[in-house]
Structure formats: C-alpha cells, structure tokens
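For reference, chains read A, B, C and D in written order, and residue numbers begin at 1 within each chain.
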Amino acid sequence: MSHTSYTVLTRDQIAERAAQDIPDGAYVNLGIGLPTKIAQYLPDDKDVFLHSENGLLAFGPPPAKGEEDPELINAGKEYVTMLDGGSFFHHGDSFAMMRGGHIDICVLGAFQVAANGDLANWSTGAEDAIPAVGGAMDLAVGAKKVFVMTNHITKEGEPKIVSELSYPVTGKKCVDRIYTDLCIIDVTDKGLVVTEMVDDLSFDELQGLTSAMLIDATN
Amino acid sequence: MINKADKGITDVLSQIKDGATIMIGGFGTAGQPAELIDGLINLGVKDLVIINNNAGNGDHGLAKLLQTGAVRKIICSFPRQSDSWVFDELYHAGKIELELVPQGNLACRIQAAGMGLGAVYTPTGFGTLLAEGKETRHIDGKDYVLEYPIKADFALIKANKGDRWGNLVYRKSARNFGPIMAMAADITIAQVSETVDLGELDPEYVITPGIFVQHVVQIQPTSTEPASDEYASTATTATA
Amino acid sequence: MSHTSYTVLTRDQIAERAAQDIPDGAYVNLGIGLPTKIAQYLPDDKDVFLHSENGLLAFGPPPAKGEEDPELINAGKEYVTMLDGGSFFHHGDSFAMMRGGHIDICVLGAFQVAANGDLANWSTGAEDAIPAVGGAMDLAVGAKKVFVMTNHITKEGEPKIVSELSYPVTGKKCVDRIYTDLCIIDVTDKGLVVTEMVDDLSFDELQGLTSAMLIDATN
Amino acid sequence: MINKADKGITDVLSQIKDGATIMIGGFGTAGQPAELIDGLINLGVKDLVIINNNAGNGDHGLAKLLQTGAVRKIICSFPRQSDSWVFDELYHAGKIELELVPQGNLACRIQAAGMGLGAVYTPTGFGTLLAEGKETRHIDGKDYVLEYPIKADFALIKANKGDRWGNLVYRKSARNFGPIMAMAADITIAQVSETVDLGELDPEYVITPGIFVQHVVQIQPTSTEPASDEYASTATTATA
C-alpha cells in the first residue's frame, strides 16, 4: 500500500471513533478481534451494556492480574469482570437476545463488505481450511444495527469493500455502517455513502482503493 | 446514565396508543400487574389487542379493562372461568374477538417472537379444532402444526424486585408469563414491589436481564391485606 | 344408572387406585378437578414430583389455614406449598417440560375416550359455550403416559368410553390408560383391554355400559 | 426415595454404549465437564456423535476423546481454534465427520429438542453455504431456514451445585450450554463441585430443575490450581 499525503487511522483510532457512535443505554455485542477494542473507548458517563454470546450481559474490563477466573470469560475467551447490574444466562437466552433483535448494535470484523450490505467474515472459502462460524451469522441477522470495523484494504492491497462478495457470505444485506482506517461509510438504499474521511485523503483516492462505487457525503 | 425506574405509571403508560397490541402477564391473578392495568384503564386507549392466559376475573384488573370496551380482541388459552362474567357477556354479544390458543402454544409462540424465529412446528393441537386451516407436517414419525410468533408492542408484567437497568426477579408462581412476554414485546413495562440498587440482584439469579425491560415502576404497598388486594389498586399511588 | 350387585368406586377410591400406579421418582401432572385428588394418596415413601403448568415443580399439599399465598397457586388456582427441592420457572420452560416429553405421567379428566386413545376433554361443542382449552392439549400430546380418570358413564347414563369421539378432540391417540369408577382399561394396539373391575361387576355388564368394544383381561 | 447423586462416574457412564449421541457442555473450557469426558475416554466406547460448541482444545478433555478415535462425527459451531490440532489432523485425514452449525442455530436446535418442537424457521444462515439444500421460507418480510431439533442420548454437563433430585445451579459463564443440553438429552449427567441437601437451593433460583437431570456426580476438588486444572482430571477421584 503506498500513499503519501494522508495518515491511516490506527486500530485504536478506529475503535475510538466507532465508540463515539454508541449511544447511552445501548446493548452492544463487540465481535472477536478488532471490535473488542471499542470497549476501551466507551465514555464513563454512558451506560453501555456489553453482551457476550456465551451468556454475559454488562460485563466489564479485564480483571487485575491474579484475579482471572476461568469461568468468567467472553466469547473471545478473554478474562473479563462483571459490572454491578450484570447477569448470566444460558446460550438459548443469549442467542434469543441476538436473533430476536434485542441487541442494538453489533460490531463485526470483515473479510469483505458488498455494496448492498452483504457481509463476508467467516470463511475465505480456501479448500483446505477448516470451516468455523461461531456466532457471526446470528449477529449479522439479529442485531438492530450491524457495524463493521476493518482495514479499508487487505495487507496485499486488495479492496475489502466490493461490488459483490467473492468470499462466502455471512449475512445478506445486513451491514449498516463500515468503519475503516480511511473513512466511515453508511450502507444505504442509494449505495455506499462516505460520511467521513481521514485528513488529506481525496475522495478519488478513496474510490481508487474501493471496488464498489462510493457516494461522497463528506461535505 | 440509564435509569429505567425514573418514571411513574401515568408517564410510562402514556406511550401506549389506540390499536396497540399488549401482552399482560399473570395466570389468574398471580402475576397480574393490577396497577398497570388500572393505569391502562385510566389512560382510556381503545381498540386494543390483549394477550393473556385468561380473559379476566371478577370486576377488577383485566376484566375491568374489558368492561370499558377498550379491547377489540383477546388472545388467550382459558377465557371461561367461574368469575369471567365480563368477558362472557362481551363474547356472547359479539363485542370482542377471541383467538383461543392452547396454553403451551401461547407460551411457545411468545417465545418464538422473543427468540426471533419465523415460525415453529408444534405438536400441540394437531388434529383439533384449534388447528383447523393451519399448515401441518409429519416430522420424524409425529404430526405437527405450524404456528407463528406472537409479538406485542407492549408487555405489562409484574415482578418482585427490579433495578434501574431493568433486571428483574419474580416471586413464586407469579413468574409465569412474565419472563417470556418481556422478551416478545417492543417495550416491556414491569411493575415491581421493590426497586433495588444496581448490584443487589445476584447476576447468577437475575431471571429477566435488563435488555428485555424498558421501564420499571415501583408500586407502593399500601395495605397488608391478602390476595388480589395486596397492593393499592389505583395507579395514582405509584412511585418510581 | 341402575345396577344391583356391584358398588361403584368413589372419586377418592379411583384416585387412591390410580396413585398406586405412580412409581417412585415419577414427574406427574395432575389435571384440574378429579385427578388432583391423587396427590392425597401418594405414599410418603415415594418421591413423586408434582408439576403444575404455571411454573411449579415438586409442590406440596395445601398450606395451613392463614398461610395461603396468592402467589403460590397451582394450575387449578388452589393454594399449594413447595417441598424442599422444588423449583419455580416460567411458562416457556413449564410447557417445554410437557411438550418435550419430560413429564412421565399426566392424569386428565375426560368427556370421552375413544377406542384408539383419542381424548375429548376440552369442549362439548355446544353452540353457545365459550371455548377454553388451557393446557389440556399440551398435556395430551406431551406426557410420556396419559392416564384418564373419569366416571365410566355420564350422569345421564351415556357411555364415556366410545368407538369414536362425538365431542371435539383434545389429542389424537394419546390415552394410555383409563381409571373409571368401574374398571381400569389399557389402551393398546389390539384395543381396549380391561385389567381390573370392581367386585361383582360382570364383564358383560361393563361392556353394556361401554360403547367401544372391550377385551377382558381380568383373569 | 430418589437419590440421583448416589453413583460414581464409572457407574453412571457405563450406560453409554457404542454409537451414542452425546452432548457435551462448555464453551471452550468454561463449563466443560472435564472429569466426565475423562470417564468417557476410560469407558472406551466407539462410533460416537458429539455435540459441543467447539472441537476440543490442546490435548485434554474433548480433544483427548477425539484423539482416541472414539468420535465418528462432531456437530459444532467453531472447531477451528489456535490449539485445536487434534481435530484439525483428524479432519484433514478424513477421519471425522463435521456438521458445522451457526452457534445460535446450534443453541436453538438444542432448545427445539428440549421443547418438543418438530422444527423451527430461523433467520440465521439464510443465503449462506451453511443453509445450502435446506428448505427456506419468506415470512412477514424476512427469510428463514428450516432447521430440525438436535436431540441426544446423553448430555454431559458441568454445574456448580446440585442436589439429590437433580436440581442444578451453575457458575458464571460456565453455564452456557448446560441448561439447554440438559433439556434435550434422554439422560443428563451433571458433574458438580458440590452436592447440597434438598432445600438448600432456593426454588426461585434453581437454574435447571431436576426433571431435566438424571444423574449428579460430585467431583472432589483435589487442588487449588487455577483454570483447566482446577480439579483433578482423573475420573477415579469422583465421589457421589
């Protein structure tokens, strides 16, 4: 990837930006990996309720060293703590929260997002890979809003925001907004609408790094 | 900071408009949110669809709501009781529509709504009048009826304790439909006997996690009389 | 009803007899009305777990006068108590116990039972009657064994055990055994098999009070 | 008098025969009934179908069971993990069959079995490879896939406390699949850290009522080491 005039956001900066869009009182599921970072940037004056597939609501930050409990982990199998007002429940109720539209926002990673909001994040379709899906498909269809957090292009420089998926789909027309290291894109009926870009990046440059058609709404 | 317990009954119920579909918890009077129902009567909305196991007892609570003529249709499993004269009269006069659902299918359809399912095949009712005209399927040696979810705009339920995030615990057999209705309604309003501080409810034993509850209204106990008069039955005594 | 030589069982005697067939450790739902009486005749040395549709398992006898709790009632809306080891749960789980085949035995009342085990107990089909079904259909299809407890004939002398139902069906081919004030009948693939009769009743007399064909297996 | 806690692991597990379908609780190692799995390995049964969220970690527990070659097929949502080398090797060698199910459909299909439903329409997986060849339906503006119940002959789960009637409570995120698997298996065997007297578990807060549990086996804690070695990992230390 070569560019001269602009600076891409770090993973922390993307997380920090996405955190700003999570309202007080939201029930939120942060996908394994990059999205998990958002938790660090949620402001203290907001009550944001973090949900984890394995039966936690309102869990808190990692425990202090030595306080880890192997039976208190999140879906990413990281040690967590519980906030006052949190609760435990079984997998049936946990996925009812997701599938039943009770989670306000989920934030997922992506291999690809298509112009119509199709998401691919569970399989690259590689012949020899062992397939694994976890809760990704449930979150994609179940949350009221699906946000994606991803680098704008792959390490190899390939666009991740595409006209049509080439990887196997996780959920159809499910993505509402994409946070990348270059911009924020709303997935709308009219198409992919860019609402913010990093400084010194031109819309044409951004379009050049994107294989789906973008609409500029940054000004 | 989220406080779901900061409003009184009148304030909370004012979101309910004519034509709303409303689940009401309770099995008979146990778990029936009497004060919320009284508040609903005071609100004066019309053309309601009510989902409850029964169709009211005596002249109070749900029966009183029916008596005001506010209810267009009721979905329930057991409307006929020794003291269900209010419903009986409306029904015989053709003034209320009845959708009779076997109790387990009622529960299951409410659960399906909460779980985000499109439909379920249930064995209950197969071959009976209550499955007439419904799609059926033979699966693995057994017959099933296709039943669709029952959702609601509002659920009015009664719990024992609640906190400002909406976590609830119930009391004995007053639990009944409360937890599953809370999951199936867009807006769940729980009346509680006690509002407790965050953290007082053990996370292991929260029965309804706050995600399923939008409002918690504390009802002030005003008498020590037993049974259906356990608490004052006017909405105006409510505090939050 | 006229007869000379035999004595019909009282309601309590039918209940007492049925209670003998409930094994230690059984999960049992006793239908509203007559079947409820069985609870009084369960022997103390057995652990029989009584289930009630409204979310009780292992409930106990009625409370002492003055100890009634309006929030501790069974499906018949009678005051009950809880045994040590009992539990409360919501209607979803309660009917999962029934529909999911976890209840070993349910005992139901009946308007009619047909030769093939069809049960009618929820509606007489009367034009002006308000229909009400409650949990009867769920119990009929869900319990591992369905017992019926009923008078052998109606007050008007009409047989209740019939070739085919004339009343609306509650559950098809669901009844396993019938306890009446005259006899015990097993519903089998071969037909209705009478295993016990009250003293001094002849099989022919019993058949005369029954409009379905019976098979005598009393000796 | 019913005592579901009167047998040791070896005795209880001896009912399991070749070809059994077995649900195993746990999400990763949290809630994984390690001692029951070790007992199953010692039992030496073959041709098993295993239902679990994952396909084993490291060389112990479920992974060790797979390594013995006892498992014909696994139904799970997330077999690929950084330390799932045992499964990986078997899978690549074509020595194990995999049915991959989205986690929520896995939960829901287990629930459907416990609830006695014939099938459910679930939105999860619609239009994906994991729904290929499956029946679909458009209901009320949304697309659904028809999914069938997952039942089992046995469920092996881990709870925190249990009593002689089989009532269970769990601990934190070790609850996960335990309660729903207990409902979906013909015979549920729960290992617990503590067996308590009848009545010690508050009826309001029993998570799995005893009706869903056939055996309770207490595992003797033998060390204070953390994590997956919390308890001795040999079946022979079990007492009831």
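Here is the rule we use: a contact is a pair of C-beta atoms (placed from the backbone, for glycine too) under 8 Å apart; a residue touches a chain by one contact, two chains touch by 3 or more.
Note that the coordinates shown come from a computational prediction; the quantities given were computed from them, not determined experimentally.
Chain pairs A-D and A-B differ in how many C-beta pairs they share in contact, with the greater number at A-D. With each centre defined as the average position of its C-alpha atoms, the distance from subunit A to subunit D rounds to 30 Å.
Distance between chain centres (mean CA atoms), subunit B to subunit D: 34 Å. Averaged Cα coordinates give subunit A a centre that lies 55 Å from the centre of subunit C. Centre-to-centre separation between subunit A and subunit B, using Cα means, comes to 36 Å. Residue numbers of subunit D whose C-beta contacts span two or more other chains: 108, 115-117, 122-123, 170-172, 204.
Among the residues of subunit A, those in touch with two or more other chains are 82, 88-89, 92, 95, 98-99, 142.
Remark: the chains found to touch one another pair up as A-B, A-D, B-C, B-D, C-D. Residues 1-2, 113-117, 163-165, 167, 183, 197-199, 201, 203-204, 206, 209-212 of subunit B touch subunit A in their complex. Taken together, the subunit D residues at the contact with subunit A in this complex read 27-31, 77-81, 84, 87-88, 91-92, 98, 100-105, 107-108, 110-111, 122-130, 143, 170-180, 207, 226-228, 230. Interface residues of subunit C, counted against subunit B in their complex, comprise 52-56, 68-75, 77, 82, 88-92, 94-95, 98-99, 123, 128-138, 141-142, 168-172.
Contacts from subunit D toward subunit B in the complex involve residues 108, 112, 115-123, 137, 139-140, 142, 144, 148, 169-172, 202, 204-205. Residues of subunit C touching subunit D in their complex: 24-25, 27, 45-47, 49, 51, 57-58, 82, 84-89, 92-93, 95-103, 142.
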